[in-house]
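Per-chain numbering from 1; labels A, B, C and D assigned in written order.
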Amino acid sequence: MTRDTPRQAGLSVLMVLAALLVAAAILRSAGYDVTGAGIALWRGALGSSSAVISATLKRATPFLFLGLAVAVAFRAGVLNIGADGQFLAGGAAAVAAGLAMAGQPASVTIPTELAAGALGGAAWAAIAAWLRSRFEVAEVVSTLLLNMVAVNLVGFLVRGPMQEPTHAYPQSGILPHSARLPSLVAGEQLHWGFIAALCACAFAAWSFNGTAAGFRAKAVGLNPSAAESAGRISVARVRAIALITSGAIAGVAGFSEVTGVTYALYEGLSPGYGYMAIAVALLGALQPTGIVVAAVFFGALNAGADAAQRDAGIPAATASVIAGLVILGVVTTPELHRQFRRDS
Amino acid sequence: MLLGENGAGKTTLLRIAAGLDRADSGRVIVGGAALSGLRGRPIRTQGIAVVSQHFSLVPTMTVAENIALARRGTIRRFSPSRAAPEAIEAAQRTGLAIDPDARVNGLSAASQQRVELVKAIATDPRIIMLDEPTAVLDPPDAEKLFAWLRRFVSGGGTAVVITHRLREAMTYGDSITVLRRGRIARITDASVPSETEVVTAMVGEVPVFRVSTPSRSAGPAAASAPVVLSAAGVTVTRAGIATLRDVTLEVRRGEMVGVAGFEGAGQADLLRLFTGMVTPSRGVVVAPEHVGFIPEHRHRDAMIGEMSLRENFRLRDAGDLRGVIDWRETDARTRNAIVTFDIPASDVHAAAATLSGGNQQRLVLARELDGDPPAIIAENPTRGLDVRGARIVHDRLREGCTRGAAVLWYSSNAEELIEFSDRVVACHRGTLREVAPTLPAIAAAMVAAE
Amino acid sequence: MSDVPLGVIDATIRAATPIGLAAIGELLAERAGILNIGIEGGMCLAAFAAVVAGAGSPVAGLMAGVLAGILTASVFALFVIRLRAQQVIVGTAVSMMALGLSTVLNRVLYAGLSAAPQVHTLPPMRVPVLSALPGVGQLLAQPLPTYVLYAAGASVAWFLYRTIGGLSLRATGEDPSAVRAAGKDPALFQWAALVVSGALTGLAGATLVVAQAGTFTENMSAGRGYIAIAVVALGRWTPAGVLVGSLLFGAASSLQYIVQAYGVAIPYNLTLAAPYAVTLFVLAALRGSHRAPARLGRTIDLPG
Amino acid sequence: MIVAAACSGTQQAATNEFRVALVTPGPVSDRSWNGSAYEGLEFIRDSLGAKISHVQAKTPADFEENFRQYGAAGYSIVIGHGFEFQDAAKRVAPAYPRTVYLITGGRVTGENLASVSFAFEEPSYLAGMAAAAASRTGMVACVGGTQLPTVKSSFRAFAAGASAIRPQVSVITAYLGNWDDASAGREQALALARRGVDVIFQDADAAGLGVFQAAREQRALRIIGSNANQNDVAPRATLGSVVIDVPRALLLLATQVKDGSFTPRLYRFTTKEEVVRWVPNPALMNELPAADREQIASTASLMRQGRFTLPPTP
């Protein structure tokens, strides 16, 4: 953008380091072995190719999709807090499709599951879009409530219509091999969903600026009145499309998770991915490249936090403290930079 | 009394004097003490009340609430039932009528202006600064206001009034300061000069626009050209207030029609009639599908500062775009525009906000003129531009006209209108009439009509 | 059986209390133009503070909760007002931090204990005379925070609609430039709103511990902070509406308990979803959010 | 790099150290299902000198990853504490043959994969008997966190036990939808009390603490705890606890693994092994009619001898 960008990026890195230091100070005062935790964090996230592939990148996959989903909505000025619900809807739909397609070859099953996931997520988001256009209910509230409904609905599905054949466990039947995304590297957990997510980001990077729809969404998000006046753009329409598209992408995230990682629908499929995705999207400045960086960062942080728990007994919740601190550090950068520049 | 054409710096001067903005250099002295570090701080403690041209009313609140907002205190009691009589009482001091229970967003501009005035007065200021207070007021209300201002001044207060209206300034002012292009053009005792003297000081005598020689279209030939824009018996009503009344206008192919008028006289809606942004409540409007439009409020309506030049260029009719955007083509056109319109931008990816206001305007102009639209509508297109910038605007509009477009434009600068228009119409309180393209005639149409 | 309706009302009041407290606080912040989507974390941290201090006395627990709430809200305020960061992301971040911190501290402080930390809960306070009434009288014996909720609702209503400060605060959410033009500092109103909002959020979290559960469990706020945000919209941004909205939500969730207590044959996951679905339905029936403060969620433009 | 990674995936670090890992689905601070497993882990550390590690895995996606990490690190035993881990364990176990994967509450087995199931039904049956005997209203209830297989079958056994003592007793079942919300636990208990229920069997981990809180407020209410011995949580109101001695079970299996006598199969721990047991609160047992107490005692002794079979569930 401007020549200030490198300096801002440098400042961001400094803020991240500061956040990590604060987190270390908190842990130390709580009596934990900070050095051991640090080493474990590093090893678990980036210490080996296996850590990178099976832990960090695998965990980054849902963040890539969901960060992108949130960004698509936010870019058009729609506060979609409901990526979590759309993720669950997409996951449930994909599993239902996959189970129904048992016996079919993967070349048929997987595209069907993908379509089902996208449709499921889009449909769940469409409820919020409809509530907006028909009843003027703000998306920030409706999507939030729809998350709660979705969580309980999945609980119902895995105990009712979608319960596994023995009717013992609250989970769906297990997807047959033909309905699973193959793994990317033999023996590792990274699956093709990661590549799909990268492709989605690349496609988004192009379509955000290269297509009429992406361009309109950007204009509406930045300045609705100019978009309407100079661009003759229907702001309401663009926003509804953005929300539904966002839901579809979140639904694909659900598809990727159930077909690539869990192979079944479970309760607790998402530990609040949709909320973290807001942080991913905003940290990534709503840009696909930024989202890739932020998603991999979150993936690494979560993978590292698990390792720190395994090796140093640090509670997993520490990851969310660190994540919060890092986000605060990074979001402050532009303003600090501005004040810094004004003073000098 | 502070006079000057649009963009002369009146509002800026007033905001700095009131401590709302910070000056790049120099000091503001109020009552012998320098006003400093006041940006964003309570100016009310200095006893200064400001009524801006852009209303600072909360649209979703009632009139009484807005008036009470100016009062000091935190847990000081505010009672809607008592605020109403208090507001009426304050209003009665001036004789201006307000409805305390009405919501501001449902009020006409004139009513809002009354509320804004009452709000300022209700705080018992020592100094009151008014920016174009009568632009939207009815003449009787304007008279009431000035009558109160005279009483206020004779009671020891100080009033600074920005106005376009010469009569007002000369009738009610103690002294008149004329600003032109950010400089004081003339300070005078109100009773001394003649109207024309002041008008000349405002709009300037030097023929700055004569740098280029406009090639006027042949008048009689144009008369037989087909009508491109037409409005017949059009009335526009907003929130119950008619902004245009029974207006009829025709602009022909290759003709450039200038519109004169003070702010709020109705020209804004007149121009937007032909872009489809305003729909008439009565009458018939005919306009081509594709109209180039240069609105006055660039940042609100015309461009998106965070977007790049090419994106802003592409913004036109983005609502109808389909599929993939051909950026190479847009880039080519944007680059072409950068060259033709002399926009000092390194490349098409630069953010529009990095351009100066004048260059932003050129960008908007370039976009709207791109593709040779059959009609061009421009709203005060040279506002805030320097001589060279203005020249480019004039040249382009004129070029479009020569090419065969119908051009309808409004300018707050009468001299400019005369210089470049084939015909001039004057807008006054929603009505339109054709005037002779001379400075006195236009000034008269704008002033004498009152 | 005759006291079943009273039982429902009683349960409604109890369920509404923490949600209502948080929602009244959020209302105040939203009227000043601040959308804090992260009150969930503040609530949980406050609940933890309450269990720590509640070992002394329940009232100390309440105070500690309030303090923790103010602290969390102040961090949020620092970032969104002073450092002008986006409200949604700061809300998310602060909430993540507070939730995580409450869990980490819980592990550190109580890891050695064989049983969960327990505190004495606040005794019900009987309203003199009235609580002796047959029937409804039993509703007038609630723990302190319930009375605080209705008092807070009334005070916020009084402040918003009957004082100049409240007027200015409302104007801040609608049009901060108008407040600045009136010679007041909109940021000051936002700070004040957030501090009070934090106190109420903290009280809500403490209520869960010292007036209800008598203990702390990780993530015990269980989404109530998010519900509070929905309740503000449900109450159409007025204190009375928010009180009614939180009672409505309380009623929906207490009915959910009753439905299960009466063994109605509905899958429990569906009855659990009901309060949220009801809220959505009512929001739609009320047609909308056009009454939201005009500048909700937006950083104040810099002056000049 | 990718080829190297492919190898390292199944490469186990060779080590002779005895190391045991635990993966729980919830926080070990719950002092119930997850807490008891952690206690077992500490027990193994102290008794067998094992190095231990624990991780809380939040989602099904994390299960497999943690299993693999522990396998790759060469842990001797990896315990997945809950039925939800069985699919992941089935996938991971073959890749790390030197590690024993133990799933509690599951039923999968393999070369190096064993499941542990607890006859939670037996003490639950006794609890049901005690509940029905203690109830004055003839209404008792079960409150669960979410409906999981073990919870469901234990509630069924509870109901069977209750009707064995009082055929006309009514047993109500309610679920909170989560395991954290103690306030909801209290509300559900109060709603049940208002309905006329006077004994509640809670199996809701941390959220179940709210059920005890309700009993502190409602003097007539009696509670039955679960997983751990919860008789001290509310001594005046707790009738007894359905205890799974997870530490004991885990230690038992860990010892077998250490000395090489372990065979991968489905282990079922019953009252007979004293891993699951009904621990009544003596102070309150006197409230029960003497005949009922005798019936409970004789059923319990049948169970200890392994001669008791639960009535079949419909």
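The criterion applied here is as follows: contacts are C-beta pairs under 8 Å (C-beta built on N, C-alpha and C of every residue); 3 or more make two chains touch, one makes a residue touch a chain.
Because the structure is a prediction, the values reported are computed rather than measured.
Here the chain-to-chain distance from subunit B to subunit C, counted in touching steps, is 1. For the interfaces A-C and A-B, the C-beta contact count is higher for A-C.
Each chain gets a centre from the mean of its Cα atoms; the one farthest from the centre of subunit B is D. In whole angstrom, the spacing between the mean C-alpha positions of subunit A and subunit C is 28. Each chain gets one centre point, the mean of its Cα atoms, and the points for subunit B and subunit D are 76 Å apart. Subunit A and subunit B have centres, each the mean of its CA atoms, that are 47 Å apart. For the pair subunit A and subunit D, the distance between mean C-alpha positions equals 34 Å.
In subunit D, the residues touching two or more other chains are 147, 177.
Counting partner chains per residue, subunit C has residues 103, 107, 218, 269, 272 touching two or more of them. Across the assembly, subunit B contributes no residue that touches 2 or more other chains.
Pairwise chain contacts present here: A-B, A-C, A-D, B-C, C-D [touch as defined]. On the side of subunit C, the complex with subunit B involves touching residues 159, 161-168, 170-171, 174-175, 177-185, 294, 303-304. Residues 44, 48-50, 53-55, 58-59, 62, 152, 155, 159, 168-171, 174, 185-189, 257, 261-264, 266-271, 303, 306-307, 309-311, 313, 315-316 of subunit A are the ones touching subunit D in the complex. Remark: subunit D residues 27, 29-31, 141, 147, 170, 172-175, 177-178, 180-188, 190-192, 194-195, 197, 206-207, 209-210, 212-213, 216-217, 232-233 touch subunit C in the complex. Looking at the complex, you find that subunit B touches subunit A at residues 277, 293, 295, 299-307, 311, 314-325, 327, 351, 354, 364. By the touch rule above, subunit D contacts subunit A in their complex via residues 1-2, 4-10, 21, 25, 53-62, 64-66, 68-70, 72, 83-84, 87, 95, 146-149, 177.
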